[in-house]
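Each of the next two complexes has chain A plus one other chain: chain B in the first, chain C in the second.
Then we have the complex of A and B:
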């Protein structure tokens, strides 16, 4: 065999088409993440990184109560937000996919359009609506009611902010799953005597579980890393893991500790992904038809 | 009998439609607030209303905002184009050419979805600054934003192309079309709405991204970083004005789309009646 033909055998259309993306993601995502893992075992002193390998950053991270609180807070907030988004997004996505007709794409794009306004402006606007002197409390005040304290600089307000920012991801993920779902299966179940709830629980829900779990992860992860929302809506007791992490790379310049925090954050994201993918049964996913 | 089931179906549909409308109200209330505040005299205490267009005049006269806007547009367009091109190639690769490595490729392409933006920003800062020794620059920012864009584009295009009938392409090839010509004349005319969707999403994400761009750009301003910087002194009304203008433009496009869909001139991939 000539070297030329082995070369040809390797350069298949598959490699040519998927190669650029694989190389791109390796250079721009995997290598940087590996760098962070490496730095997490280094040491920072007056804004400089020193390559003496040690576990001190992790010791600090798990030793100090403050970091544990930040992490716990962010994980709980992420889980809560994902759950609320899941419950709200399902009927909405279902309605668009099943009854949206020719306007389906427009209805979905309307969910994405708020992204044209930057996160900071949207959060500032939410602050303007929820905060003291904001739309809600001012209207209540004019009508002679006491202002709703719960809406002003509380973790509850931060959760509203998270739902606001990330629910479009959940709806879109479920929607993308539902548009590929064959609703004839649901009708078959009903014709064969299943009630609407049973048909939903045994056909629609399990067959769209991949989309649902992708949506859940897409909401959970940005909540876990959230910095701006808790800062502007959450009040004094809402310092999140992400806020503390970005401080290490900004004000305090402790890159090594920040890297260790990034690794911990990544591990928690990965745990959630692992749990979600563990619940996916590919034989009942409806996605087995990918390709031939 | 049919009338009865129709009616129950409609009653079951109504709460879902109501929830959808509520969600739109929730999502657009802050947007309307931004537009309202952009015309207010006092941005911190905008009630009761007092209107002025001062913010729009300031927006035009201040060059910081136009620089930031241009930088954001470059990042958005660059990232959008790279993401859509890479993702389209990847999707066609896994759907059309069966391979044992298909699952691996899907995992690689989707992996950025599961890494928080903050981590993408910080890790590419660490890699660029400390390993490659690069200062903040636009190329790094475009590339780092495109990481996320590739994953979103891949997800969107894949979910739309799963049902694509590749026999059309094979038919074209049988009649002598080369693969590239086949792509331009058969595949692309059918799949363009999903490519447009993927491009738009990756454009918006990169255009408005704070955390990835901020860590990769150093002192180069973008709209989100200007907003972030001005937060310390209170948000400038000019930013609200700019955002109001952007929203006006977006809704103009949506209105055009609505008319096209209504009249059935362009179906945007919808195959029903």
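Then we have the complex of A and C:
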């Protein structure tokens, strides 16, 4: 073996292939993240950051009821949105994967159609449907009915907005899992005595759990950080952790507190991913060549 | 054959299955007895897998009835039929261990754990899977996976076991071993097996009766030796065993024999039924029914045989048998096979090929 063969076989390709991505991620993600962590232990006064290390920001965050409420509200809203998306997305993804035939790709691409416009535009459009002068309540009014208050600037309306925004991620993640699922296994389960429900619970669900959990994470995390949707649709009782966070960096200029909030949010996101990955047993996922 | 027990286990009555304009199965009638090993033999696209899926309940027939144990199950969903099935690509549940895969049918029947464990150890022992219980399917060899699949199919003692080309993905040696094994399980358990294959050797080795299927219909149903020795159609003659084919015209019908001209060579062959002088006919004779003798011993050839002079072009050694490729005088080729110990011939020898006039079969074209 030549002395430089390790370089040639492993290190050179590793550097060439992963180098650019690593540098990019380091500059755009890791550095800002470290900066944020650092700022969270600093102090802001009159829109200026001072580097005197302290834990005051965290004390405020966990001490003041408002912040706890915002965080709790965001976590619950994220969990609820994920759950509803899951229930709505599964049948759609299943239908496309199983019965979509040659239109499968087209149908999945159609799910991405809303992304052709910006988030603000889409949420504003939704406001035009759900709001007091919106399509639903105006029609009800013209017909002589009382407006549905639940739709006007409530956390419920914000949740509808979240579902609308993030369900394509869930459908796509589940769909991508299902297209790689061998539906003949379902036939096998049925021949071996499993009715439709048990066949689903024994075979389809566990073998598509990875895709489903990825979808859940992809919905939950942006919900947790959501700012615009609760602001446009949620009204006064829907102030979220993300909204409050963006205020710290904007109107109030309390960057240090905002940084501490970012750290908390990051930890929560990480926790969700950790919990989800604990539920995945690669040996029981149907993936081959792992866990030997 | 198992004629002593004529309890009919499965009965197919006039089964048709249409996919759009295609008739995949076209009027199939079949009774399968309780302890019978039955092979469905046919080329791909002949409808044999569709027929199997209809029996399993994965497809509904367009018309006709499926009876299992005297009960009409035509529209019963597969999970109520108590039928076992083994697939070509095994279709084990990749997220379950060997033991979990095998007991799956029992769990679906809500059988208590003590009884499940008892049946599991029976199946593990029967299929020699000891020590593999905790493995996952991807950690097994192809042969082991197929045995797990068989164990899963047999553990609940189904009314019927369907096997869809179960050995097609295994290598040759293992296949030969499994052919014997599978037949042994069937004889021990006395559960009817229906075995779909396109491999005639497999069908002949394993089964009691064979149905040869083509274009959705049965060309012939019969005991394996009958299908081999007395093919009902030219297709069966060509598909089962290795045959020489000769096409020509009938010169004269002579009782149970036909005088027949094949590319200028006169032969006497069995009657094809419903032919008269001038009709085109195909005569087929199995390689092993044709014998070879060195030309100098011409006088020793028996009477009432077709005799054709030729030159031995090549000898294909196949181990248990030898194939002689002979160029006949008219430029035709004929293949004869025999035991390698029979004769000491060498390529280039002048020879005679001969066979009894009653051997082989002819079919009207």
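Basically, the second predicted complex is superposed on the first by the 273 of 292 C-alpha atoms of A that agree within 3 Å, B and C clash if a C-alpha of one lies under 4 Å from a C-alpha of the other, contacts with A are read in each partner's own complex, and residues count from 1 in each chain.
In the analysis below, contacts are C-beta pairs under 8 Å (C-beta built on N, C-alpha and C of every residue); 3 or more make two chains touch, one makes a residue touch a chain.
Note that the coordinates shown come from a computational prediction; the quantities given were computed from them, not determined experimentally.
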| chain A residues in contact: does chain B have more, or chain C? | B
| task | Answer with first, second, both or neither: which of chain B and chain C does A:236 touch in the superposed model? | result | neither
| field | Which superposed partner A:144 touches (first chain B, second chain C, both, neither) | value | neither
| message | Just checking: does A:182 make contact with chain B only, chain C only, both, or neither of them? Give me first, second, both or neither. | response | second
| request: Once the structures are superposed on A, label A:110 by its partner contacts, choosing first (chain B), second (chain C), both or neither. | output: first
| Can you list the residues of chain A that meet both chain B and chain C? | 289, 291-292
| Interfacial residue positions of chain B with respect to chain A in the complex | 12-13, 15-17, 19-20, 23-24, 26-31, 33-34, 37, 45-47, 82, 86-87, 89-90, 92-99, 101-102, 105, 108-109, 111-120, 122-128, 130-131, 143-144, 146-147, 150, 154-156, 158-159, 162-163, 179, 193, 197, 200-201, 204-205, 207-208, 210-211, 215, 223-224, 227-228, 231, 235, 239-240, 243, 246-247, 250-251, 254, 257-258, 261, 264, 267-270, 272
| Can you name the residues of chain C that touch chain A in the complex? | 56-58, 77-79, 81-85, 87, 89, 91, 93-96, 104-105, 108-109, 136, 138-139, 152, 156
| said: Looking at the complex, which residues from chain A come into contact with chain B? | reply: 12-14, 16-18, 20-22, 24-26, 28-29, 31-33, 35-36, 39, 49, 88, 91-92, 94-96, 99, 101-107, 109-122, 124-126, 128-129, 133, 135, 138, 164, 167-168, 171, 176-177, 179-180, 196, 214, 217-218, 221-222, 224-225, 227-228, 242, 245-246, 249, 255, 258-259, 262, 265-266, 269-270, 273, 287, 289-292
| message | Under the definition above, what is the set of chain A residues touching chain C in their complex? | response | 182, 184-185, 187-195, 198-199, 202-203, 206-207, 283-286, 288-289, 291-292
